[in-house]
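Next come two complexes built around chain A: one with chain B, the other with chain C.
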Partner chain A sequence: MTSTGKKFDESDFSMFFGPAHPGSGNFSVKVDMRGERVLKATADPGYLHRGFEKLMEYREPMQNAVISDRVCVLEPLQWNLVHAEAVDNLMEYDVPERAKYIRVIMAELSRIQSHFIWYAVMSLGTGFMTGFNVSMGYRDYILDVFNLITGGRVYPAGYLCPGGVRKDFPENAEKKILKLLDKVEYMRKFANKENLAWLARFKDIGVITKEDAIKYGATGPVLRGSGVSADVRRDDPYEVYDKLEFDIPVYDEGDAYHRFRVGMEEIEESMKIIKQAVERLPKGEVKTPNLKPIVQFRKAKGETYVRNELSRGEGTFYMVATGEKTPYRVKIRGPSFSHMIPILERLLTGVDYADVPAIYWSLYQCPADVDR
Partner chain B sequence: MAVTEQEQTNLVKTLSSELGASVNPGRERRLWVEINPANIVDACMKVQKIGFEHLSTISAVDWLEEGRFELVYHLWSYQYNTLLSIKTKIDRKKPSISSINSIWDTYAETCEREIHELFGIDFKGNKNLIPLFLEDWEGPPPFLKDFNWREFTMKEHYKEDNPREKVYFEVKK
Partner chain C sequence: MKVGPVLEVFKNLFKKPMTVMFPKEVVEIPDRNRGEHHLDIDKCSSCGSCARICPNNAIEMVEVPKELAEKYPKTYPQVDLGKCCFCALCEDICPKDAIILTTNVFLATFDINTTIKPPIIAE
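And now, the complex of A and B:
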């Protein structure tokens, strides 16, 4: 910490980190500097505010399923799932078992590709270009499978729709998914050992304690990196997660390195889940029998609060229905909202400017779900 | 980790007596309660001590016909694996409620900042209610139910004498 006793120093200045910084991703932080030290950081979101919550009040659930992809660019399938579950709850749809397993498989594949992006932006932001190239390359194998199953590489266009999934798996999809896991395994090993000199720079920076992590609303890898064993998949199970076996990696240190480790170790757990789900995948329908092409949303009345474990943490939908054909109110909680505003501002205070990118990316940001 | 039925009933009893309101169980692991807006800080402090220490988010709903705003505080307990949603209704004409930044600090402030910007609700005690997403916005709070964004956009951003934008006005007529 720099002494802040003097009110003004001739080396004081303010500048922006982002939004044009390579990889900062439509988000900027205003940093007040004294020489090389950050005195104060102020997050400046809003570059991606598209007003989804308002848009959804004007559209029917099947149209909203397509919008829900766009809440976070890097994990569209998981946001699809949260929205679908909210509508399922209000409409009291009985989702078939096969659809539930397909939802879990797709959500976990999406988690793995999102963690690959984490590895990629961490390396891009801190100058390890090989890591970026390798990771984005291996992510493409997963996107190819998405293309085969959903018809879209990045955006599935509402594949996990209310009442089930839009289409059944094509022929041989299970085999292709299992074969894909070999590629994932290679990248997982790469992420564990490469590159030790680069990984060392994340140690002991951006430390957040257990109490602070809970107080400032941290979830997901940020919370688990600070020693809290909490995972929505286990604590508040949805779909078929309560029937599957997986571990939850937790570290007590709370620094940038251990947050990142939690994420990389989750890749292995996701692989375990996918293997079990593909093995047990039952035969049958993939849509609830009373589902019409347009969801009869006028029948829904009441409210629901759905929580899911996304790759970045807790993502939720609060949906209110009043018997109209569109939802009366939708509130989306993105996991990065708490990570990127209160926590980032707190962690950046008093650090060296050289550590800013490392801390910034270790929080696993997604500006799209901050702004929505 | 699963909470037994007995524990759940005990939890509902404790919460009901602490908050002085009836707690209604929803679907699995969901509890709903409605309280007086004057007690919000007090209630949050009490339930935080019981174990609801994670503020998931704060939602606002604009009930236009009723003339009131509804604020919903979603709190998760890591100990009981239960979500408690505290609902409170405030007047729509002079929307104002106490801030809970004494409990969840800047995270609560950021949630309140968002609601202040999108619904125009004032949070007493929160000094950081500066704009969050919208830059140079001079219109009414955009998420209100009586805010007609189509008309607003037409008035602010389109001109009838511009030949390229004339078509929008023709469609409207």
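And now, the complex of A and C:
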């Protein structure tokens, strides 16, 4: 064992975890090591910066809806929804009831497929390739339904647009969604099986206390895995979440394994929400009356701040309109930023190098969302 | 020894595989799938709405080849598939339903010049 008390040691070296590491996904962490021990970790974001905030200042709201789903590749429909709600607020659109239910169904399906990816990358991190293949295979069934409804497998291209949704559900879509839930249930059971290798790799690793989680701005499963019961869907309901019944899984342990368990248990809650929403789906219009494909902020003045519960935590849009065609200012707050920079740097300090992937993937990162 | 996993293996032997043998087999592509554009030039009124709404500026209003200029004297949309993000806003905004997105998704090419789709090709 090398001493960490000395200033220099012959076994000191620095290395990069990512951005070409499988699964680290366009994000890298520079780790200063002494032997096998990490002395200091420095997050190095910026590989995926596309400048959405500035891009959106030059585009009209409907064009922004199309690019809003690229903020995070892994949960595009939920980012669509946050953007749509921000524009709805500024333009004072009255969104029809059917559109609200469709928005909830699509956002929850997106949450499930995102959690499947979490299972897949956690498996990849521990060398459990079967888990990766099975999880990505079952995610594909959800993508098939997205393709049927939105016309795109991964990118819905602004399906949840300002003023409602772009197109109504096609025929038999409700039946197909309910049929899909049977497949999701199989994968959920598979993900909830106790895995001894995972317990050994993830339990008591990367512990973040309740106080620290709040201090560093954690949201979503990372915060709920540390014992704080906070969920925007319940605390500040949007769309029709106040009419639906669901539980919020919380664990007090705060380690990598329990953060992950929160995510896997959320799949069941999302399934409950989808079942209720499909049963109660009313008939009617799916767009605000007289909504045109061109939406401009000509009559809108003011600012809005909208927050939603994404699969990774709280995603928010701050938007200012000054009566021009395009928004005057857009600010996006993604959940992954606080997880990937302050929390990751703190949790990696002093751990063994073998635990770096376990901690990294347990924080449920999306590099696209960090860099924006 | 647990029987559960063994039973699972036997069940999976008789299940349909998740993957298909591309290109012999292709997964079903739904009607809504946003693929290659199709322009019905006779319907087009040359209003240019599609070029204005395109978020990536992939559509440009161009004149047709000289042989056809007499029949089609105005400017018509030319799509650069290399820039296109397949959002279908052009399809939504078209007042005459002249431009639609077909289900053709097999657009991979080795020649960069083939990504530009002119409104009409002179024979």
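Here are a few things to note about the model shown:
By definition in this document, the second predicted complex is superposed on the first by the 363 of 372 C-alpha atoms of A that agree within 3 Å, B and C clash if a C-alpha of one lies under 4 Å from a C-alpha of the other, contacts with A are read in each partner's own complex, and residues count from 1 in each chain.
To be clear about the criterion, a contact is a pair of C-beta atoms (placed from the backbone, for glycine too) under 8 Å apart; a residue touches a chain by one contact, two chains touch by 3 or more.
Note that this is a predicted model, so its numbers are computed, not measured.
Looking at the shared chain after the overlay, A:Ile294 reaches chain C, while chain B stays out of its contact range. Contacts of A:Lys54 after superposition on the shared chain: chain B is touched, whereas chain C is not. Touch criterion not met for A:Ser270: it reaches neither chain B nor chain C. In the superposition on chain A, A:Gly46 makes contact with chain B only, while chain C stays out of contact range. Once the two structures are overlaid, the count of chain A residues touched is higher for B than for its counterpart among chain B and chain C. In the superposition on chain A, A:Ser226 contacts neither chain B nor chain C. In the superposition on chain A, contact is made by A:Lys167 with chain C only, not with chain B. Of the two partner chains placed by superposition, only chain B is touched by A:Tyr216; chain C is not.
Across the two superposed structures, the residue set of chain A contacted by chain B and also by chain C is empty. Those residues of chain A lying in contact with chain B across their complex are 45-46, 49, 51, 53-54, 89, 214-217, 219, 228, 230, 234-236, 304-305, 307, 314, 316, 318, 320, 328-329, 331, 333, 337-338, 341-343, 345-346, 371.
The touching residues of chain C, when paired with chain A in their complex, are 18, 27, 29-34, 53, 55, 85-89, 92-93, 101. The touching residues of chain B, when paired with chain A in their complex, are 1, 27, 29-30, 53-57, 59-62, 72, 74, 76, 78, 81, 83, 85, 104-107, 109-111, 132-135, 142-143, 149.
The touching residues of chain A, when paired with chain C in their complex, are 59-60, 62-63, 66-67, 137, 140, 144, 147-152, 155, 157-158, 166-167, 170, 293-294.
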